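In the two complexes below, chain A is the common chain; its partner is chain B in one and chain C in the other.
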Partner chain A sequence: MTNSTSIESMHFEFDGHRHPAAFTPVLVGVVGSGNLEVMVEPAAHDRCSVGIETSARGFEAIWAAVVRDFHERHHLAGVTVSVNDMGATPAVVSLRLDQAVAGLKVAP
Partner chain B sequence: MNISYAECTARERLARLCDTDSFHEWLPPSERLTSPHLAQLGVPSSFDDGVVIGRAQLDGHTVFVGAQEGGFMGGGVGEVHGAKLVGWLRRALRERPAGVVLLAESGGVRLHEANAGLIAVSEVMRAVLDVRAAGIPVIVLIGGANGCFGGMGLVARCADHLVISETGRLAMSGPEVIEASHGVDEFDSRDRALVWRTTGGRHRAESGDCDRLVDDDVAAFRAAAIDSLNASQPLTMASLEAEHALLAARLATTPLHP
Partner chain C sequence: MDRTWNHRAQNRQARLARAADTLGTRLRGKRVETGAVVDLLHAVIESGDRVCLEGNNQKQADFLAKALVQVDPERVHDLHMVQSVLALPEHLDVFDLGIASKLDFSFSGPQGGRLASLVSQGQIHIGAIHTYLELFARYFVDLTPRVSLIAAHSSDADGNLYTGPNTEDTPAIVEATAFSGGLVIAQVNEIVDHVPRVDVPAGWVDFVVQAPRPNVIEPLFTRDPAQISEIQVLMAMMAIKGLYAEYGVQRLNHGIGFDTAAIELLLPTYGESLGLKGKICQHWALNPHPALIPAIEAGWVQSIHSFGSELGMEDYIRARSDVFFTGPDGSLRSNRAFSQAAGHYACDLFIGSTLQMDLAGNSSTATLGRITGFGGAPNMGSDARGRRHASPAWLKAGAQAREGLTGARGTPRGQKLVVQMVETFREHMQPAFVERLDAWTLAEQAGMALPPIMVYGDDVTHVLTEEGIANLLLCRTDEEREQAIRGVAGYTPVGLGRDRRMVENLRDRGVIRRAADLGIDQRDATRNLLAARSMRDLVRASGGLYQPPARFRNW
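Now for the complex of A and B:
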C-alpha cells in the first residue's frame, strides 16, 4: 500500500574525478516552502553520492536529470550530498547545489 | 553597510553577530539530530531541526549563542528543537559564560509535535529561569519576519534583556489566532496598522515589554547584545512585585470593550 503522506527518498551515485581539498560539511538553504537545504560532506570513496528526501512525490525522473546535470558540471569525487526538499523547483535545486559546491575548495 | 537582520537566516545572523569565525556549533547539521515525528507526517526534516546552538566570542567575551530558523516551519518548537535549547541552557549553568544570547524567531509550538513541543517550551522556560538565577544574563533578540509568538513569546519574557526591532513582533497569540478564536470584530488580522500597534517592536518597546528598540540591522543587534552582557537582572520578589504593579497600572488605563 502506498502512503500518500510519506516522504519520497532517492539515491544517486556517480563516478567523479575532482576531489575537494579537506573541508568541513557545508550547509546551504533552509527547508521551507519552495526551498530546500543541501549538505555536502566529505566521504571515504571516489564517488559523488546524492541522497534526497522530498515531500513532493512522483518527480524522480526530474530529480535524476537535475542531479545528472549537477554532476556533469562539477564531477565531484569523495563527497556525499544530502538534500531535504519541500517542493523546490528544479532551477532552485540547481542553484542551491551549485551554491554548496561554491563553499568547497575543489582542487583543479 | 546596513545588513538587514530580518532578511538573514539564523546562521547568517550568528555569523555576523558574533566575533569573526568565533562560533563553535554543538550538534551541527552533520549530526543529523532531526525530529522523530515529521517524517511520519510526510514533512521533510531539517538537519538542525531549525535551531542552531553553540558557543562564541562576543566582543571578546565567551557567550552561548543560539538561533531559531524562521524559514523552517516558522521556527516552530518541536521535541528535538526544544531539547537542543534546554541542553544548551543547562550547559551554561556548568560553564558559566558571560551571557546567553538567544536569537528568537518562532510562531511557537510546532503543531505537528503538539504535546512534545508544549513540554519542550515549559522546559526551556524553566532552564532560562535557572540560568538567570545563577546570575548569568539571558538576552533575547527579536527581529525576524516571523516574530516571536506562542510559547517562545513566553520564553522571551522570561529573559533578563529583550531587544527588538521595529520589524520584530512579540506576543502570545498571533493575529490570525485571535481572529479565529474571538472573531474579526475583535481583531482583524488583515489590519496591518492594528497588528503593528499591538504586537510590533515599537509598541512593545514603548509599553515597557522590551528593553531596547534597535534598527533592523545586524550590527545594531550586536551592539545591543554587547551592552546587555554582564548586566544580570536577578529575579527577586521585589522585581516580581514591580512587574505586577506595572501590569496593574496598564490594565487600569486600558479601555474595556462594552
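Now for the complex of A and C:
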C-alpha cells in the first residue's frame, strides 16, 4: 500500500450471534512492513466491533469488504477486534483475522 | 542472362579480406588482438546488416557490445538487431547513437523503461516482440544474422569454442549465421591449449577475441527463501494439491519467481506428507534453480534440462550428473532452443506469473511506460497443437476442455496445463486483475499490429491466487470464464465486481476451488513448511556444493 506519514482510522460494527466462551485476549501477527497485528478481546456487547489503524490511506472500500467477509465467515458476537496495519495486502489481513479467531471456542 | 549464385560467399570473402587488410599483424589465424576489436567491426559489418549481439537472460557478450557502440555511425548505420534479450545499456545505446535502427527481440528486462521511451521517440522501429522459439526459427527463415557477436568461455588456438554451462542461445545463433554466409565473432574469457569439450567447431567461427574481463553472467533464477511469504506458501500448497496431484503432473516447467520457488521448497515437506513422491514432478525443463536442491536431495527429481545455468550451481550440477545434462567434462551444457522445445512439446504443465490479467484470461507483462517482453512464457505457456504423445495429465486436461463438444473440436486430444499463479495485488497495491490490459494502449501508441499479450487467455487452463483455483477448462461460456476469474480476483475492483451467486454456483461445480475445498487449512500455511528458509539452508542441503553469489550471502 502507499506510504504515508499519517495514520488512517476506521471502525466497523456488525450484529453477531456466535458468542465465544470466556477467553483471554488473543494477539497474532507483527507490526512491520507489509504485515499487521490483530488483537481480539471479549466485549460486553452482542456485536463484532472492528477498529483499524492503518499506515496506508485510501483503501477504506477494500477494508470494508475484507471485514464484511470476515464477519460472514464467523458471525462473532461480543468481541472487539483491533488491527494495527503496516500496508498488508487483503490476503494477509484475512489470514491474520482467521488466525486470531482460530483459538476461540465458539458455540455453533 | 547469367546469374551469380554465390553472392553471399563472395561478400563474405570480401569482408574477410577487409579484416585481414585492416588488422594486419593484429590478426593471427582467427585470433584478433583485444585492442583491435573496433577496427574489426568496422571492417566486417556493413550498413543495413542484420546483426545478432548475444544477450540472453544470463550470459552477455558484453565486451563485444561495448565495442559495437564505438563504431562510427557515419560508416556503420541502420543495423537491424536480432537478439533474444536487451539486458545491457549498450543494447539500446546502439539505437541512441544512430548505429542501429530496427529491432527484433524477445525480452528486455532491466531496459524495459528506456526501451518504451526510445520507441515513443521513434528511435527504434520494433519488428516484433517474439517468443524465443519464434525468434530462433526466424533466424533460419527470414531474420538470418549476417554478423553474430557471441560469448564463449574459452577457445583453443584453432578457434574451437567451449561455452561452459551457459551454452544458452549460442548454438542457434552460430548455426544460422555460419551456414548462411555470415560471420561469427566470439569473445572468450581465456585462450587455452585444449578446450574441455568443443561446443562450437572452429570451422564455424571466423574471429576470436579475448575479452579483458570474463563475460557478465546474471544469477537470474536465485530466490532467497527468506523472502517467501505465508501467502506464497498457501498458494504453493494449493498448486501441489489442487493441480499437481489432481492431474498427476510429471513433466513441467516453472517460471521465475518466489511463487514457484515456494512450490519447489514444499515438495520434500508438504508434498511428502501427501504421499506424492514419485507421483509428481520427476522431469523438468528448468534452469538450475537453487530452490530445487532440497527436492533433488530427497530423491524427487529424475531429470532437469536447462535453458541456461545459474551462478554458484556449477559444482552442485557436476556432482549430480544423473539429474542434469552434463558432458564428459562434467559441466552442464544448456541450450535455450532445445529447452524451449522441450517445454513446448514435452512438458505437461507450465506455471508462471504475470503483471496483468484480463477477464478473458489474457495476460501481459508489457505495461504502460515499461515494455519488458515475455521471456519464455509465450512458448512454455501455450498449448503445442502438433503434440502427439499422451500422458495422464495431458489427457485429463484435454478431456475436461472437450467434454460435450462434437465434430472437429470434440475429437479426442490432450492439452497442456497452463497455470497463471498470481497474488491478487502486486506491490504498491496494484491489482493484478484488470478490465483492460495496458497492452491495448501500448499497441495503439506504438502502432503495433497486435496488443503485446504474453500468454493468450485461450491457452490458460487455471488461474491460481491466494483465494483459490479457477479451472478455466471447465468453463463453457465467456461469461462463466469471466466469473471464474472474478471469483479468484480477491478484493481487486475486478474481484469485487463478481456476481456472488454465479461464483458460488461455479464453486459448487468445482470450477472454483478454495483452499478449504481442497482440504487445506490456510492457517497451516506457515514458513515452517519450507524445506529451506534461508540461503544458508540451501547451501547446507547441497552439502556445501552450492556456492551462492556474494550478494546472497547474508550470514
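By definition in this document, the second predicted complex is superposed on the first by the 104 of 108 C-alpha atoms of A that agree within 3 Å, B and C clash if a C-alpha of one lies under 4 Å from a C-alpha of the other, contacts with A are read in each partner's own complex, and residues count from 1 in each chain.
What we mean here is this: a contact is a pair of C-beta atoms (placed from the backbone, for glycine too) under 8 Å apart; a residue touches a chain by one contact, two chains touch by 3 or more.
Everything numeric in this text was worked out from a predicted model, so none of it was measured.
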| item | value |
| --- | --- |
| Three-chain arrangement built on chain A, chain B and chain C clash or fit | fit |
| Greater chain A contact set [chain C / chain B] | B |
| Which superposed partner A:F59 touches (first chain B, second chain C, both, neither) | second |
| Touched partner set for A:E41, first chain B, second chain C, both or neither | first |
| First, second, both or neither for A:A91, with chain B first and chain C second | second |
| Touched partner set for A:G32, first chain B, second chain C, both or neither | first |
| Touching partner for A:S82 - first (chain B), second (chain C), both, neither | first |
| Touched partner set for A:S6, first chain B, second chain C, both or neither | first |
| Nearest-approach distance, in Å, of chain C Cα atoms to those of chain B in the combined model | 5 |
| Chain C-contacting residues of chain A that also contact chain B | none |
| Residues of chain C defined as touching chain A within the complex | 229-231, 234, 423-425, 428-429, 466-467, 490-491, 496, 522-523, 525 |
| Of chain B, residues touching chain A in the complex | 9, 11, 28-30, 39, 41-48, 69, 71-73 |
| In the complex with chain C, residue positions of chain A that touch it | 1-2, 56, 59, 61-62, 65-66, 89-92, 95, 98-99, 102 |
| Touching residues (chain side chain A, partner chain B) in the complex | 3-7, 25, 27, 30-32, 35, 37, 39, 41, 53-55, 82, 84-86 |
